[in-house]
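Dropping the structures in below, format is structure tokens.
Two complexes follow with subunit A in common, the first pairing it with subunit B and the second with subunit C.
The block that comes next holds the complex of A and B.
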């Protein structure tokens, strides 16, 4: 009896030692830079707690900053070439990813061999791939939806079952009818915000640039259509004009508008108005009327990147691997708590994804979003998305006023874009 | 001998004392100045540098955004600066009246905007001037306008909003400078003028303005440089829905400083080109200051 006890004790001790030894290989501190305390930061904190259960030797510090500050700090620290005090992990918006990867070659860790990328949504990979090497861990999706007020649509006698694959023109017509019947706006938005433009472009499978990265503006039928849609929306009076994020959110929180077409991340803001619970629903987005367009797209979203020269690079990679590419339960938790739709596909077989959401009238919205995610046409955002956005939006006042034609506007925008990129 | 040794020690301490300031000045002012001039001869993409010589400056002259940003600040310079300085002069003149009661209250009220944070006040103005904001509501209720003005959604009105905001923020600051200047003008001059039968208006134009000329010149140059470097207000007023694609409607609030920021941080980081833009602004500031000195300065 005593012998057995001793052996047991010894083996426990030994096992403990082995355990300590293997964890000691990966220990240290991971510093993470990201923005949005209610979303990315909170999600990373959840991930950190989970990883600490697997590897208690990792100390994880999450630094919460404004998005612009993360970008500024990253730019300055990478441009200066300093290798000290680099964070291990940074969050980068998908539209910006290639810009960083190509402007700072060698600054980001090549993750190609560390992750099974076939398990991630394919549209999240193009912009984080340079010369066939993948540098990021895809995180949240900006899969777009047409969020609408069930009660308003009912009041106006709109049959939702026929709105599964409509075009933007049909959407605008619907908006006019709706406004006539109820006096309310169909949507709200800043006429100079490029969000809808990017949503429409991606749903048509194109971008501001062609495969070679050359500006593709004047001869881009989808872009021409998108500009026409912007003007049409502006002329039709179906959109309540807002300026800035707060006004925009206030427009649908205050019940002034019937719907909003945007990325899935808006759910948190929609749900902030608890009195509207049960009154919302989600439809596939209307598509631009060009060949090849689908009723699914993406707006925004971001991914995690590991800095090559950071102190505990391997630990950081292990952390991202254990949680973001293995933990199904983690993805259920962040979906329920934060409305974060991950792009690691196995997670979408989880329980939370198939549950109905009472806020959305028990619609199984995440089943729909998961379906749409797979439909999103992959697009390489290239390096200059924001330059292009600014060039197009810069000519919009003259398009709205009718001073110049859409063709002329696109020509001016392309000239301007080439000017900014050139040199 | 003793005196010489003492002088030597004194000399040494003198050098030590000024060395701190000199080193920091060199490190944080002169070095960046020289380095950015060097940098402005490169076109950069992050850490990838290409020598272009004067290429950046040539490119600037054809860059529509840069030209637009210069146009934008010139509109502000020509309209906002004179209005603000004139208002500041009037306030300073009124507050300088020795018979005025509650001087401290007025002075505080007028100066208070100048101590508010630039970002905070810009955000408040953005709210007040939204299409359904306070300002439109008041104007509609007073029956001054029928339709709400699209303050921040129209290229023309967005500039008006910016001008109103800046005037609110900076008038008190300039007023304080004028008030300080007015302390050097003896009340006797005004008394004499009053005895001679000069009214308040005549006093203002014939005494206050001419005697304050050096200070007016000083504030003009300060305001001009301030306008050339304008950043916080347009940046905050133009903040958009998801990303803020243009700086104000049709880039109507684009200023050179905002453009520098975009070129460095929002767009593909081109620090070389950004440096060239900042040098261009320096050149413009110098030229404008020389002109102002010539026009308003003392003739010697």
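The block that comes next holds the complex of A and C.
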């Protein structure tokens, strides 16, 4: 009997240890789910501090978790149909936004009448609009740039003033010349990563899907061109093959490659290697050689969404409005501190955007990026960007080996994609 | 000659296996002493950032709270899970009833259902019980462990029934037999089960992920996942956090190592 008593006591002790879940919630609390402690989370904390000066009665809790975790939790909550304990604001990646909006109709607050959307970059609106109603607050831009090493280009005698408006083919030729002269690679990348493919598609103003959401692969000239460019890059030997994020970043941190074509968010990783300060510059990206393409594009980026059934929905909307659609100074601060390029256009008249960056040889890089943001062709990402990405990358091995033609590859990829999404 | 060759092969194989098992630990410890850039570059030698990383981690995050949450979850799961599962395993083995084998088979079958499939129902249940964002919401679903019930039953099978008979003849009640005779004589089994329960709850990810909502209640696994995400994670910090997360498991394992081997082999003190 004594032993049982001991066990019971132990149980009571352990129960006490964990305590009771806190019940009463303060009125006026905004809960925000987002990822990346150094970027989105830190930026939201800055926004919260600013909003508390306007409205001291709002309590803002920012919950930082991995991106996959935000998605997992959001899916669980929305699928379960539970209407309590919802966060007020969530961050969703642009490529995935439409999937959420269409899979869970009514789950997100209609923000159309709360924001002046003409002040935001137009390319950020298509994917967050369903039946002419807008459901998100556009946040960071993944405006693409061609980051290059000034010292390497100089060494190879490349004149950058002629590189503002080139095609991908010219870029590849340049890479070959560069490699011959210096022995170094022009770029690094995973031949099976779809990032560049998406960048090229958007610069041509098209996507894996048409306006109706149907797969647009076999008869998509821009996509055909992009696949050809992938093969060309692979065959030309100008790209150092890396796998995964770390190897890729290490390739340019380690000075093994002369340039990187990617989203503006890479600046933080480039700057991590302090010894390369002053040696970098940014050019407009090379474009695919198809009608209508521009030397500007986008890769990634995300936006804020308010949950319709959350407790303090109106407060959350006011918060986003006061900071993300009114506070020019906020956008200067997050650009300087975090390298975050916002998509609320009035902010780009601020002084932080016009300053030269010593790391990039005093180039006024954000003036350039602001210019390119307005050039990005808007595209509707549809529901299945990553599924399409996977389908295309699935046929790339056979394209690289020359086993099948590009036409045949696209046909296989489209069949595969239709199988996956049940179209 | 032939024998020597066999030994040579065995040693080569074991050396490679040892290297493969130890290398990640080495990499983890080396990483915690380096800057993020160097971790990225794959630097394999020790750096001088150990204290710096530790300082940054404990300064910027409420590490103490995170560890404390994980410890609470793991301790509760270990204690309750061991009691519940061993009693269940004992019951299945010692008491015969009509539906026993069918019930046991059904319980075992639930092992086949991955948590991902149960996630939405579990979430709804926890909302109903008002346990969302509480550590009890994490602990309760982890207590009944089918694997441990199976493990205990296997071990009870080898337990000499004569001892139980003798105790019954002497007039001991069934709970008394279990708690005063069975439990103390199966320390090794319990130790092995404790390590298993500790490991699964300490490393649990998906389940706390859906239940825990606020920053202050999250566990170590959630914390590390958050740290490792983003455009440019600081891998030095991540490695440091992983080192810290590994320590309790290591300590527990070394403390119970002797029992663990015995317990898994299924020996019973006679």
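Simple rule for what comes next: the second predicted complex is superposed on the first by the 395 of 423 C-alpha atoms of A that agree within 3 Å, B and C clash if a C-alpha of one lies under 4 Å from a C-alpha of the other, contacts with A are read in each partner's own complex, and residues count from 1 in each chain.
One rule holds for everything that comes next: a contact is a pair of C-beta atoms (placed from the backbone, for glycine too) under 8 Å apart; a residue touches a chain by one contact, two chains touch by 3 or more.
All values reported here derive from a predicted model rather than from experimental measurement.
Contacts of A:387 after superposition: subunit B is touched, whereas subunit C is not reached.
Of the two partner chains, subunit C is the only one touched by A:63; subunit B is not.
Using the contact criterion defined above for the overlaid structures, shared-chain residue A:72 touches subunit B and also reaches subunit C. Touch criterion met: A:85 reaches subunit C, while subunit B stays clear of it. Using the contact criterion defined above for the overlaid structures, shared-chain residue A:36 touches subunit C, although it does not reach subunit B.
Residue contacts after overlaying the shared chain place A:253 against subunit C, while subunit B stays out of touching range. Once the two complexes are laid over each other on the shared chain, residue contacts for A:170 go to neither subunit B nor subunit C.
In the superposed model, A:397 lies in contact with subunit B only, and not with subunit C. Residue overlap on subunit A between its contacts with subunit B in one complex and with subunit C in the other: 68, 72, 79, 81, 246.
Contacts from subunit B toward subunit A in the complex involve residues 43-48, 52, 55-56, 59, 62-65, 126-127, 130-131, 150, 152-155, 239-252, 262, 264-269, 271, 273.
Interface of subunit A with subunit B (complex): residues 68, 71-72, 75, 78-79, 81, 99-100, 102-105, 107, 189-195, 241-248, 262, 299-300, 383-384, 386-387, 389-390, 392-398, 415-416, 419-423.
Contact residues of subunit C toward subunit A in the complex are 36-37, 39-42, 60, 72, 75-76, 79-80, 83, 119-120, 123-124, 127, 130-137, 139, 175-176, 179-180, 183, 206, 209-210, 213-215, 218, 222, 225-235. Across the interface of their complex, subunit C is touched by residues 1, 3-4, 7, 10-11, 14, 17-18, 20-21, 31, 35-40, 61-69, 72-73, 76-77, 79-82, 84-85, 87, 246, 249-250, 253-254, 265-266, 268-269, 272-273 of subunit A.
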